[in-house]
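What follows is a pair of complexes built around chain A, which joins chain B in one and chain C in the other.
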Partner chain A sequence: MEEYAEELRTPPVTLISLVGCPEIHPLISTHLHSQQPPINTLALPDFSNISVLAPSHKDTPIPYSPLGILKRDWLLKHRTRVPAVAAALFSSHHVSGDPAQWLHVCSDLENLKAVIRGRNIKLLLIVVQSTSTDDISEDRMIALRKRAEVDSKYIIMIIPNDASELKESLNRLGGAFAELATTYYKDEGRRIKTRIEKKSFNSIELNIRYCFKVAVYAEFRRDWAEALRFYEDAYHTLREMIGTSTRLPVIQRLVEIKTVAEQLHFKISTLLLHGGKVIEAVTWFRQHNASYKRLVGAPEVIFLHWEWMSRQFLVFAELLETSSATIQSISSLVLGTADRPLTEWEFRPAYYYQLAAHYLKEKRSCLELALSMSETANEIDVSAESVIPSVYVGQFARLLEQGDGFAMQPLTNDEEYIRYALAEGKRFQDSFEIIALLKKSFESYSNLKVQRMESFCGFQMAIEYFAAGDLTNAKHFFDCVASLYRQEGWVTLLWEVLGYLRECSRRHGSVKDFIEYSLEMAALPVSSGTGIQSFRFKECGPAGPANLSRREIIHKEIFRLVGGEPGLASDEDNNSLKVTGDQPLHLEIDLVSPLRVVLLAVSCFS
Partner chain B sequence: MAGTACFIIVSRNNIPIYEAEVGSALKKEDAAHQHHFILHAALDIVQDLAWTTSAMFLKGADKFDGLVVSVYVTAGHTRLMLLHDSRNDDGIKSFFQEVHELYIKVYHCLCFSVMQSFPSSIRFGMGLALFRKIWMLILCSDSNYSCLVILLFPFREF
Partner chain C sequence: MIVCVAVVGHQNNPLYIQSFTEADDALKLHHIVHCSLDVVDERVNNPKKAGPTLNETFLGLLYPTENYKVYGYLTNTKVKFILVTTDLDVRDADVRNFFRRFHAAYVDAVSNPFHVPGKKITSRTFAERVSTIVKSFGLSSAG
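Up next, the complex of A and B:
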């Protein structure tokens, strides 16, 4: 979730602007920020700074065909640069002063009005009085209101030196700002909604963009139901775009769609979870997963798909974890519909962390394959350096130097994008991330006292440690899970774990452990169906598949070792494992030792 | 049954007593031992779920990466577990019912042979009620004998 921009992660907060009289800006902004809901302030000390509120002039061709679905900075712009209300602050001395001062006030006001008109920003007037005895003529006030073209309730007097008056004025001011801001976001939302209703656009991208904007405006005024509806509309329209859009090269097109879908899904899930609708959120996530799981894309960049899938699970796990709604007992929830029931785990973050790790593993193996197949692996880094995210969400562009400045040029072909994606993929160490995810899942299951799920995670984590060369941690987790599989008699699983443990002890040079694990493996009642299983277990542990022939090999190895023949090579200190007459080996077999079966067999047959 | 499927019978003591890869094709051959891990992990949820319903067939009890675990819990708390990727609840249910019938038949054969081992004087001297009691006792503690069932009557052949 940290990967997402701040403006996407947090609900939008109303923004207003204060212009003029900078000495009382801190007073007003502190008050507005402490309101419920809070209001952010964009403070402009002087009327000469108002050009920042002006809309950027663009020549949009008609009919306008967009180059992307969502603009990357649109949300940030509305949260930090485009206020809903502009408040012009004038000192009472200037308002009631000589004609020159009055003229100055009027011209400042006219300029401000001209600037904010382009964006439909609402106007509010604040007159700052130094004392309550300051008298402003009624005519001037009427003239000021007429010039500003605002209702009388939107002219507010503030007396900073009078505590009781000030509190009342600030409260009135807060109310007026909130009211005007709601009107602004409602008007803007309505304006865009009209475009959707009239279908006054010629591209599906604009439809999605408009739905997104309406939803954001609804979020600004805390109308969560409308926001959710429009985010869902945008999401469904986007899903229809797959296979129909031809704007970008194939790979980049899918990347853009998935990135936008991710943002929309994030918003929908957040709104559902914060609204306490846990079942709906989980069902929604399941549908999201089902819709996109099969869209793996081109074979060269399948790793991008698995990375994306992993992120979906990770983010949803974090959302579930942070959502207050999950506090309620899961048993009280009606688990899904009759034909597609939800399992209890689907309400637990641990389940999603585990799957995030699973998909990240898929990503790692696909990336390794892609890198090994790439003939120009060394050139990747060089050409990918100047590629940066473009102005549209999910798109990338090349940064070109043009004189003193820079210009962005869209990536015209997929080859260039693939090189960039591979270079980016190489930068990250997925193993650490996989271990971190599995650890979260492991701890969560262990808190829930769910032993078997915990063991499954522990086993996967131990394999990662083993692959990363951290044998101490690997052994610790393998030992934990082996005891459960031993206790419950799951021979195949125990064989797998013991195979790893045996390999760990061999690398560590621990003869005693090596012999103990080997003897236990040799005594396991493994399946005799060797023929079928031998080719199936391509990716089984270091002990190979659980069958009689492998067991026999282990048998022979251990007899050779105990018989004093040259031992197996150990990684630690280059010592080989050996048992000699000078250094005999003592194995303790107590009542609960897993080697009791071995002892029994030895006693029976010797 | 198309696609991936792994079938396991787990005794009341959580010990696997029979396992088989069923289905016409294995999607990922190297994932076979992964199936056992998933099925074993699913026992946690099954043990909770089994007491919340009177139904023996628990469809979609657990899920992992597109694979679904369906379970059939017998009266003696033996669990017939199937890991599959296709959605055919009716087919799976009837598969479980057939396996359950066979399981009972094999099991009864064992019980019969156990009863046969009693001396005839005792067997015929017992009242019918007592005979029933012993019979029920054996039935309820099926897991104690289930290992023997597999040893004596290889399930792989049905």
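Up next, the complex of A and C:
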């Protein structure tokens, strides 16, 4: 979730702007910020700064073909740079001053009006009085109001020196700002909504963009229901785009769609969860998962798909975790409907963390494969350096130096994009991330006292540690897991774990452990007709498949080791395991342990 | 397609586990079956949570995972049956029907005087019967 931009993660906050009289800006902005809901302030000290409020470019003609679905900075712009209301602050001296001052006030006001008209920003007037005895002539006030073309309730007097008056006028100000801002966001939302209703767009991209904008404007107004509806519309329209859009090269097209889908999904889940609709959120996630799971994309970049999938699970896990305060108890929920049953597991973050780890593992193996396939693996870094995210969400461009400045050029072909993606992929250490995810899941399950799931996570963690060469951690987790499998008699699973443990102790050079694990393995009742097929070697860990012939090999190894044959189970670091006369080995074996039988056999026949 | 079925005893020990898959994920299926026992425990200990009533033997969907769905069934002698399938759309009726037939096969197998209760089921007849039931899964909806 941290990798999402701040503006996406938090609900939008109304933005207003103050122009003129900079000395009382802190006073007003602090008050507005402490309001419920808060209002952010964009303070412009002087009327000469107002050009920042003007639209940055002339409006493009409405029927045009966009180059992307969502603009990357649109949301940030509306949260930090485009205010809903602009308040012009004038001091009472200037308003009631000589004609030159009055003229100055009027021209400032006209300029401001001209600038904000382009964006339909609402106007509010604040007259700052130094004392309550300051008198402004009625005529001037009426003239001011007429020039500003605002309702009389949107001209507010402030007397910073009078505490009791000030509080009241600040409250009035807060109310007026909130009211005007709501109107602004409503108007803007309605303006775009009409475009959707009239279908005055010639591309599906614009349809999605409009839905997104309406939803954001609704969020500004805290109309969560409407926001949700339009995010969902955008999401569904986007899903239909797959297979019909031809704007970008195939791979990049899918990447863009998935990135946008991810953002929309994130918004929808957040809204659902914060609204306490946990069941809907989980059902929604399930559908999201189902509709994108199979869109793996081109074979060269399948790892991107798994990475994306993993992120979906991770983010949902985090969302679920942060909103778990609102979920009082899972048991009170009525789970799902008859045709779409939900299970209690799907309400637990641990479940999603675990699957996030699973998909990340998938990503890692696909990335390794992709890297090994690409012949140019070593040259990748050079050409990929100048690739950066472009102005559209989910698109990438090459940064070109042009004289003093830079220009962005879209990546024209997929090869270039693949090189970039591979270079990016190489930068990350997935196994740390996988362990971190599994650990979260592991801890969460152990808090819930869900033993077997916990063990499974522990087991996967241990394998990661094992692969990374961290034998101490690996052994710790393998041992925990082994005890559960031992207790419940899951022979095949135990065999696998013991195989790892045996390998750990061999690499560690620990003779006692090695012999103990080997003896236990040799004593396991495998292949006694329980329908265990021959597993393939790869997935069975170091011990190989659990069958009689493997058992026999292990048997013989211990015989030879205990018999004192040197150099049998040595590893690369010269820690050869051996049992000699000067270093006798003590094994304490329980009377009822099956190990005893094996040991008897060993001592009899060796 | 059913990829795995299992019978699990009172101590959560496996009595019979058979996977029906060409791919080399049999071991993974063992893990999945083992993990699903947690869900069975939870359902049994908190019966009101689940939709079905207390006396229902069919436990329903235990949990979905990666590409699998896991279903459970608890006999009146507290023996658990676990089913793992890769089908996306599974009808409850089909699963119930499967478990009913599987239960019958299990009862016959443990009624064998040579079978030691609580030990692994090694009967070849049982294995054959199970594979027939598995093959016919989902084919006949009326059953």
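Assume the second predicted complex is superposed on the first by the 565 of 606 C-alpha atoms of A that agree within 3 Å, B and C clash if a C-alpha of one lies under 4 Å from a C-alpha of the other, contacts with A are read in each partner's own complex, and residues count from 1 in each chain.
As a working rule, a residue touches a chain if its C-beta (ideal position, glycine included) is under 8 Å from a C-beta of that chain, and two chains touch if they have at least 3 such contacts.
Since the structure is predicted, the reported quantities are computational estimates derived from the model, not experimental observations.
J.: Check chain A with both chain B and chain C modelled on it and let me know: fit or clash.
T.: Pair status: clash.
J.: Considering only touches as defined above, state whether A:Leu493 meets chain B (first), chain C (second), both or neither.
T.: The answer is both, since A:Leu493 touches chain B and chain C.
J.: Thinking of the overlay built on chain A, is A:Gly405 touched by chain B (first), by chain C (second), by both, or by neither?
T.: In the superposition, A:Gly405 contacts neither chain B nor chain C.
J.: So, A:Phe456: does it touch chain B (first), chain C (second), both, or neither?
T.: A:Phe456 contacts both chain B and chain C.
J.: Under the contact definition given at the top, report the residues of chain A touching chain B in one complex and chain C in the other.
T.: Common interface on chain A, chain B vs chain C: 341, 343-346, 355, 358, 450-453, 456, 459, 485, 488-493, 496, 532-533, 535-536, 538-540.
J.: Applying the document's contact rule, which stretches of chain C touch chain A when the two form their complex?
T.: Residues 11-14, 16-19, 24-28, 30-31, 34-35, 37-39, 42-43, 46, 48-51, 60-66, 88, 92, 120, 122, 127 of chain C touch chain A in their complex.
J.: Would you mind writing out the residues of chain A in touch with chain B in their complex?
T.: Touch list, chain A to chain B: 293, 340-341, 343-346, 355, 358, 450-453, 455-456, 459, 485, 488-493, 496, 527, 532-533, 535-540.
J.: Residues of chain B touching chain A in their complex?
T.: 13-16, 19, 21, 26, 29-30, 32-33, 36-38, 40-45, 48-49, 59-66
J.: Once bound in the complex, which stretches of chain A touch chain C?
T.: Touch residues, chain A against chain C: 286, 290, 330-331, 335-336, 338, 341, 343-346, 351, 355, 358, 450-453, 456, 459, 485, 488-493, 496, 528-533, 535-536, 538-540.
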